[in-house]
Structure formats: C-alpha cells, structure tokens
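Some structures to go through are shown next.
In the two complexes that follow, subunit A is the common piece, with subunit B as its partner first and subunit C second.
Let's look at the complex of A and B:
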C-alpha cells in the first residue's frame, strides 16, 4: 500500500507546531500502525532529518503510552484498541492519514506526538492510595468481598492511564480516568478509610491541572481502549456529592 | 471541604447546573399543564382565570421570581463551565470525530441553551411583560371579575406566522436540550443504574424530549390555524 501521512511536528512545548506530509510506500496490511512510523523514521534518519518523536513502550496494548490521535479518533478507528494494536488492514491503498498528538492544556506537547501526561500521576498522588498495616503479610482473601464489587473494581482497575478519554472529550475532561482510579478503591473495603478525602482531593487536583469538566457526551467511553464504563463517572459523582455534603 | 470550596470544584458547579436543570424540568411540566387551557374553546375563561390566579397568588409569585433566579444561575454557571472547557483545549484538532463517538446534540448544549435564552427573552417580553406592566384589556366571568385578557394578547400574537415559526424553533431547541439535559443531570447526581436507566432514558426522551416540546409547539400552531 501507498499512504500519505500528515503528521504534527512541533519542536517543543513553546514553539508552534505544523503539519508535515510524508509519502510512505510498501506498507503491508500486517504492519502495526507504529511500525509504519518506525519505517518512516528510519528513512528520515538516513536522509539526515529529524525523526518523528512518538511515545511507545510495551507494544502489547497494556502500557498506555502510544498516544496518537488518528483521523479524528484517539488510537485510530478500531474500538477498544491502542495505537500499537491498530494494524494497517484498517486502511486502504492511497489513504491519507492525519496524525495529531493528544490535545489538552493539561497535556503539553513535549515534541511532535509526545505529550506530558504527568498530570495523571499527580491526580493519583492526590488520593490513589490506601492505608495498610506493616508487619506480617495478611492472608489472601481474609476480608470477604462481594463478587460483583470485586469484578467492578477489577474492571475499573483495567484503566492504563493512556489519556484517550481526555483526548476524545470535547472538554479535555479527565473524569473517566479519575473516576476509574477512585472507583477501584472505593468499591473495596481496603479503600474505605480514605474514601471521602480521596474523592475530594483527586477531583481538586484534576481541576487544578486544567482539565475541563464532564458534559456526559460519552466520547471517552467510546474511545477507551480498555472499555472503562461511564458508570464509574456516576460513582465518582456520588462519592464527591456524599463527601462534599458530609465532610467538614 | 467548605461549601464555597465544594461549589467551586467542577463537579460542584455541575451539581448546581443539574439541580437547577431538574427544577426547570419540573417547571416546564407545570407551565404546559396550565397553558394547554389556551386551546379550550371557551373564549378564554379557563386560561384568563388561571393566569389571574398565577399572577396574584403570593406563593406562585415567589416561585416565579425564584424561577428567574434559577434560570440565570443555570445559565451563568453553565457559561463559566463552558469557558473553562474551551480553555482546557487551547489548540484544536485538525480532524474531528463528528458523530462517531458522541451524539451531536450532546455536544451542542451551550448552543441550544443560548437559543432557549433568546427565546425566553422574546417570550417574556411578549406575554409576561404585557400581563404585568402592559396595557391589556380586562374581562369578567361570573364570580371572577376584571381579570386581564391575556388570552386575547396570545391569540393576537400567534396570528403572525413568524412568531409561530419562532416558537416552533424554540421548542426544537428545547427538545434537544432536554433529551441530553435530563439524562446528563441524572448522571451528574450519580443516577446510573442498570435497573433504572431504562425508565430514566424513557422519561428523558419521551416526556422531556417529545411530549413537552410538542405540547408547547402545538399551542401556537393550533391558534394560528384557528385564525386563518
């Protein structure tokens, strides 16, 4: 296949970026999307040009690094797929593909398609922890937990913190991410001692980072590579409502 | 967390927009229930008696002023949130997903809300202002004497086609605003549960999205048709 790639190039967070167009030929349908960028980058290096900076790590769909906004969709056109798991059979010969970085004030561009997602780390630091006793290890399953709660907590914990929810949201809201991180702890007894403070602190940090607010369009859920559900956002809203009304 | 801090968080502001939104949802039901009497063929007795009651009952008047405060609160907080949401993405995407990941009306709440606000200004200046401060004629029905003949003002207004078209457009905006607004406010209050989502969706779409706006739109259309 022959493809035309329009890629966002930006030297650093201060400078203005622009699109640059590249023609890539001999693209196999079996290549992953990132492999096309590998091939293109080798060519750019051989030509003495600056290769395109993009994030990637595991290439197994579980690390959440490969943040590319492809033809208007976070991680491309396939549902519940990260960019590394998107394969070129999704495209046809002659297609033009526009690739942009996640765009949000809270995710400044470091270079080209690489963005700074440490805002997510700071949200987790604000409340994504539990109190545990030191000493001997506690027996597994010592605390009885309802199977449904355990499953819901596990589903929320599937969030890989990739930021697709923020990228897909028209308001750059981090509610789906924050709600998954709050839910996975709020649903389990181990998370209860800090429950109220956690919800309030994580939302306060989320606001401080400059993410927008949720208008319940559902774009985040549609684009989440791990299928995190909007029910988590409803749970976060309940947690914050109860904590906000009852905490001093 | 203090009240001021709580209502300054994004979720706190959204709870205020949702709560005022629920109040406005309740209002449109009452408003339609009363105004449907405009279509009664009694020369305006039912409607004018009802309008006089609403205009002179102290508790209703208190609610009416509260309603105006709530509309302004709903609009102002929504504008603040919209500005913050715009600032959260200073550089826009070159390619947008369109309707692939969300419905268009869920993304146009501010636009629909603004249309509704303009509609409300026209609507209030046309009828509410006339009833309270305008020079409208009075009529008497048996025991009820000397009540303002708002019925006549409404019929005169809806004799003009452009006003009827304006009202129908306003109600289309109301429909889309409420289809998303009711469900969205439920979600903001944490009401998202498999067992209740069906009924909440039904209320949002069929009651607030269809029955109420169509009910309102029928009034000017029928009055116009009656007079041609």
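Let's look at the complex of A and C:
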C-alpha cells in the first residue's frame, strides 16, 4: 500500500507546531501502525532529517505509553485498541492519515507526538491507593469478595492510564481515568476505610491539574482502548456526593 | 571462589535466623540514609515503596513517562505462591523443589527456599493493596497451573496479572511520593554508577527531556532495571528494556552472572516480515487448555481445520506423556524448533506450530451444558457455550492475537513459535542481593539469582516482588547500619566529576560520529547474530564466529552510526544508541559464557551435549557452578566461579516424561 501521512511536528513545548506531509510506500497489511512510523523514521534518519518523536514501549496494548490521535480519533479507528495494536489492515491503498498528539492543556507537548502526562500520576498520588504498609496484610483469603464485585473492580482496574479519554473529550476531562481508580477501590472492602477522602482528594487534584469538567458526552468511553465504562463516572459522582454529605 | 554468604544451618531456618540476627537501623537514623532505586517495575516499585515506608529517604528513577509503565506491566499469566489453597499437595518445599528442578540445578538452594517461603506473603500484600485477582463464586481466590509443575499455585488477574501487580506496587509508591518519602524522577536514565573508595555512592542520570546530566548521591544504590532480552533485537520485552544500568555497573566492578542463560518462550506470535519491531507473547497459561500440534506429513499445506485428527502429531503429548503440553518452557521451545527444522512447520514461513483450542471449547461447552441440565445440547450450542468459557479465561489474549494476525483463534488454531522472553542471567548478587560492589544491589530480573538455567512460568513476578517487598527491606539494613557516619557526599566530589565526564565523553562521541546507518540497523544486525548463533541451540563453531562478528559490528557501530538531532533535547535515537552500544558489549560476553559452558542445561542448549533422545545433557562434575564474569577492559573479562552445592535436592537428569 501507498499512504500519505500528515504528522504534527513540534520541536518542543515552547515552539509552535505544524503539519508535515510524508508519502510512505510498501506498507504491508501485517504491519502495526507504529511499525509504519519505524520505517518512516528510518528513512528520515537516512535522509539526514529529524525523526518523529512518539511515545511507545510495550507495543502490546498494556503500558499505556502510545498515544496518537489518528484521523480525529484517539488511538485510531479500531474499537478498544491502542495505537500500537492498530494494524494496517485497517487502511486501504491511497489513504491519507492525519496524526496528532493528545491535545489538552494538562498534557503539554514535549516533542512532536509526545506529551507530558505526569498529571495522571499526581491524581493517583492524591488518593489512588490503599494505605497498607508492606507486611501489614492479613491472609489473602481472610476476606472473601463477591465474584461480581471482584470482576467489576478488575474491569475498572484495567485502565492503562493512556489519556485517550482526555484527548477524546471536548472539555479535556479526566473523569473516566479518575473514576476508574476510585471505582476499583470503592468496589473492594479493602478500599472502604479511605473511600470518602479518596474521592474528594482525587477530584480536587484533577481540577487543579487543569482538566475540564465532565458534561456526559460519552466520548471518553467510546475511545477508551480498555473498555472502561461510563458507569464508573456515575459511581465516582455518587462517591463524591456521599463523601460531601457526610463531611458536612 | 565467590562467597554467596548463605546463612549456615538447616534450609528451613536460614532466612528466619538471618532476619532475627541481622543488624537493624533505628527509625530516627533511617531518615538520614538515602537510597537510590533505579527502575520502578515490580522489583523497583515494591522496594522503593517498602524502604520509604520504613523511613529511608528514597529517590526512584525510570526512563518511561511514569513508573506505571515499566515492562512488568506486560506480564500476562500469573504469579506463583505456595498457599496450597487448592489442597492439592502444594507446600513451600514443593515450590522450592519445582523451582530448583525447573532451573535444571543451576540455582542456589538457600535463595530459592527463601523465595518459596516469602511467596505466600506477596499474595497477602497484593490483596491488601486492592489487587483484583481472579476469584471463584465463593469469593475466594482462584488458581491455575503453569508449566513444570503438577499443582495449581498460580494466582492471576485474567491475562493481565503483571499490570494489576504493578499498579498495586505503583500505588504504594505514589502514596510514598505524596508523603514526601520518595522523590520520583520520570523520563530519567541512569548512565553510570559513582563509586567512592570502592563503594556505590551515587549515579549519573540524564534528564531525557532536557538532555541535561545530573548527579545524585545515595548511601546505597539498587538496580531494578529489568532484563536484557532485547540484545536479540526481537523479543517479547518492551521496546525500551535494556542492559545499560546493569552493564555500567558491571564496568564499575559488579560481576555479571550466567550471562548466557536466556529463556526462549515457546508460545509467541511468529515473525510476519522485515518490519517486525517486537514479538508478542501468548501466555503460557494457554497451554493449560490449548494443545500443540503439527501435521504428521511434511509440507502439509492444507488448512489446519481440514487436517483430520489422525494426521496430527501432538508432539509434546507424544514425547512427554506425564507433563504433556505443560512441560517447562525450554523443553517446549526446543521441541517446536525440532519439528520446524525437520520440515513439519506450518504457516507461510513454515516456522510455526499450532496451538489449538477446539477440544477445550468442546470440553468446556459440555460442562456448561451439563450445568444447565441440557443433556441434548447440539454441537453448535456446545461450541457456543465453550467459546464463552474460553473467552472469559483468555479473552484478551485471543483479541490480541486476532488484531495482530487478522485470524480468529476461536475458529482456527493459533500459529506460534518460540521467541526470546526472559534472561535468567544478570548481575551476580549474594544472599543479601548485594553485587560485588559494596552498597550496590540488584533486584528482580536484573539479578541472576533464583531461576538457575531456566525460569518456571509465573516465577518472575514472584521473585521481583519477593526481592522488593520482603528481602531488601531486611538485607539493606545490614549494610546501612554501618553507614550511619557517612555524610552525604558533596556532588562536586571528584568521583562525581570524573564519572559525569566519562558519561559526557560517551555522549559527545556518539553524537560526533555522524555515520551512515541508524541505530536500529546495528541493533538488528546484532540480534541476528545472537539469534542464529547464541539462541535456542548453540555450538562451539557458531559461538566462536559470533564473537568475531560482534567485535566487528561493534567497531563498525563506533565508526558509522548516525544519530540525528542534538544531545541537549529530547532525543529517543540517542537513548537507543547508548543502549545498543552496551548490548554490543554484552552480546560478546554472552557468547563467551555460552562457549565456556560446555554442557546443556535449561535454556542453554549446547548441541555437543545432548542425550540420544535429543534432551539437554548436564555435566554436573564440571559445570555445577555460577559463572560470574569480571570486567577487565574492553572485550576482556575474567571468569570467577561460585560452586553450587545441593544438600537437599539431588540433581538428576530432568525428566518430564
């Protein structure tokens, strides 16, 4: 296949960016989307040009590092698929593909398609944990947990922290990400002692980082590569409400 | 001979006795002691969090944009622990025994026993952190079995166990960051160790965003930097996994243990073309239900589903009736290679075998139909029910396979082939996890410790977390108790200045070459040499050639590599170049080590040393030792030996028949 790639190039966070157009040929259907960038970068290096910087590591859809906004969709056209798992079978000869970084005030561009997502770490630091020191634990089977709750907690915990939900949202809200962690811990008995403070603190941190507010458009859920459900946002809202009431 | 400092006394009491007699540091003093942790995978995150909880001042480093992205996140299948929740005869002793045997008698009894002993506490700790392991309807934890064992001791969270464990350790780490006990440095790469009077006292790191070099002091330094499988270019490791931290430590005096011990995992998605950037694992847990086969006829080009039952060769079940599809990885990998080399391989490249779920789908379907009391369910209904059971167990893996290959594994068998997966070798450490450089420790996959010549499935996660949560918090005190008088060393100390200069010189040199070929070009060339000559089968001739080829490639790299951009900015090509430069040195040492070990053991298969049936043949009289290599200047190293003694488990020819 021959493809046209229009890629966002930006030297660093200060400079203004622009689109650059590249023609790539010999793209096979078996290639992953990132492998097309590998091949293009190899060519750019050979031509003495600056290769395109993009984040990636596991290339298995689990580390959450890859993050490309492809033809107007976070992680591209396939549902529940990260950029690294997207394969060129999704495209046809002659297609034009526009590739941009995540765009959100809370995710400043570092270079080209690479952005700074440390705001997510700080949201977790605000309460996304259970305060249990190493060695404090009771036997793992001492607290049976309803399988449905355990499964629901797992489904929420599957979030990979990629930030596609933020990129997909017109308000750049981080509600889906934050609610996934709050839900996971609220669904498990171990998480109960701290649940009120957790919800309030994590939401406060989210606001402080400059993420927008949630207006229930559902764009986040639609683009989330891990199928994190909107019910988590409903649960977070409930947690915040209950915590707010009881702290009054 | 090297001394591993294994405590005296009976196996069962070594660790408890050690813990009750080891030196302690009181809480007020801990606050004065600074510890540097390189890496925030399972080993690093658990260590950094636990040490910070104890009161030490911790600085943690990772090269990704967040500690949550370490390669550990990709572990799929599960984590072992001797809980015996299934009442199927498991015990600390049995886990210990299986691990020593699985490692083909090339690990230390004392270490492995400790690992088995602390394994149960790991599960407790993780559950307390909110790790959502799979559960049964009664609400209790579920287990599955893994290769090389006959009990069910593997805990799991669908096919995302590593993710859930790492997020548990990450959250513990973030809590300590919030409390101010850990300072986290994301997008930082350690490029050298600073030693003062022979002791590790700090590091030089590069801020990968600004390109600036930084000096950091620590009373002790922990390397938790993962494995080096990417020396083969293609592996199941994350793209950034590398040996740089360990290799730089090696060049500063830390011995490298058993560098040639590499694990080739039997079930990975085969290479699809030259563009291939990495290989994807299909978890070993699939071998619980999947059956591996090739056609009985050579060059059989029929579709898998068109080949009748009697014309299929379930070669693992045929060769190893006792363990069948659940033989250890090294055995399964070699068996797949043997079939493909003989011309029975499948798929376009003929370098693949089938992993088939058709029978499991029927079996589960019948059980489900039975549960519903539907004894007359038709085949279609049964298959539908069976597929949903298989989807619940392995759904994410099946989806991943479908995305990558474009084939539906519920309908047609998966094609799989062995790929580089894990490195048992690593920095040599003693019982306390200290390298041969005082104050420098290695944890997790970065050390060589517990898996001998072959790691059992679900044991790397166990070892990483054992090291970080339950071993280092005790053993580090034994060293730091004597360091209370050591004041933080000023960053303008000559040792810092000189080490930073060495790092700067290497960066300058790399940038100045401006050659013809990209870093990947060299990395791929190295990977090919390693895979062909130091991969699944090795022999004297090939290894000798490989050493020469690697030396030539290394020389070419330093003449002709091309790195774009500058070092004073975010420059992923420069990062890769530094890593590949180190791989080019490591690769040579791996070949030397493989050459010196004239026996087959575990994942190390020397063609000259095999039984009549083609199984690995150990040579205990001459090779019952850990090879620990000392760096002696470019391309030169000296072999030291740590003798392995077996008081409890008596080495025999491993048999899985």
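Please note the rule applied: the second predicted complex is superposed on the first by the 242 of 248 C-alpha atoms of A that agree within 3 Å, B and C clash if a C-alpha of one lies under 4 Å from a C-alpha of the other, contacts with A are read in each partner's own complex, and residues count from 1 in each chain.
FYI, a residue touches a chain if its C-beta (ideal position, glycine included) is under 8 Å from a C-beta of that chain, and two chains touch if they have at least 3 such contacts.
Bear in mind that the values here come from a model prediction, so they are computed numbers and not experimental data.
Q: Between subunit B (first) and subunit C (second), which, if any, makes contact with A:193: first, second, both or neither?
A: Once the two structures are laid over each other on A, A:193 reaches no partner at all.
Q: Given the superposition on chain A, which partner contacts more residues in subunit A: subunit B or subunit C?
A: Ranking subunit B and subunit C by residues of subunit A touched puts C first.
Q: First (subunit B), second (subunit C), both or neither: which does A:131 touch?
A: second
Q: For subunit B, which residues count as touching subunit A in their complex?
A: Going through subunit B, the ones touching subunit A are 1, 6, 9-15, 81, 84-98, 100-103, 106-107, 109, 180, 183-184, 187-192.
Q: Per the contact definition, I'd like the list of subunit A residues that touch subunit C in the complex.
A: The contact residues of subunit A facing subunit C are 11-12, 28-32, 34-35, 38-39, 42, 44-46, 48-51, 53, 55-65, 78, 80-81, 85-87, 89, 110-111, 114, 116-118, 120-121, 124-126, 128-141, 143-147, 150-151, 153-154, 157-158, 160-161, 184-185, 188, 190-191.
Q: Going by the contact rule set out above, which residues of subunit A touch subunit B in the complex?
A: 6, 17, 19, 69, 71-73, 98, 100, 103-106, 168, 170-173, 200, 203-204, 206-207, 210-219, 222-223, 230-231, 233-238, 240-241, 243-245, 247-248
Q: Over in the complex, which subunit C residues touch subunit A? Could you list them?
A: 46, 49-50, 53, 64-69, 71, 73-74, 83, 85, 121, 123-130, 132-141, 157-158, 160, 162-164, 167, 170-172, 174-175, 177-178, 184, 186, 209, 238-240, 272-273, 275-278, 280-281, 399-400, 403-406, 469-470, 473, 518, 520-521, 562, 564-565, 569-570, 572-573
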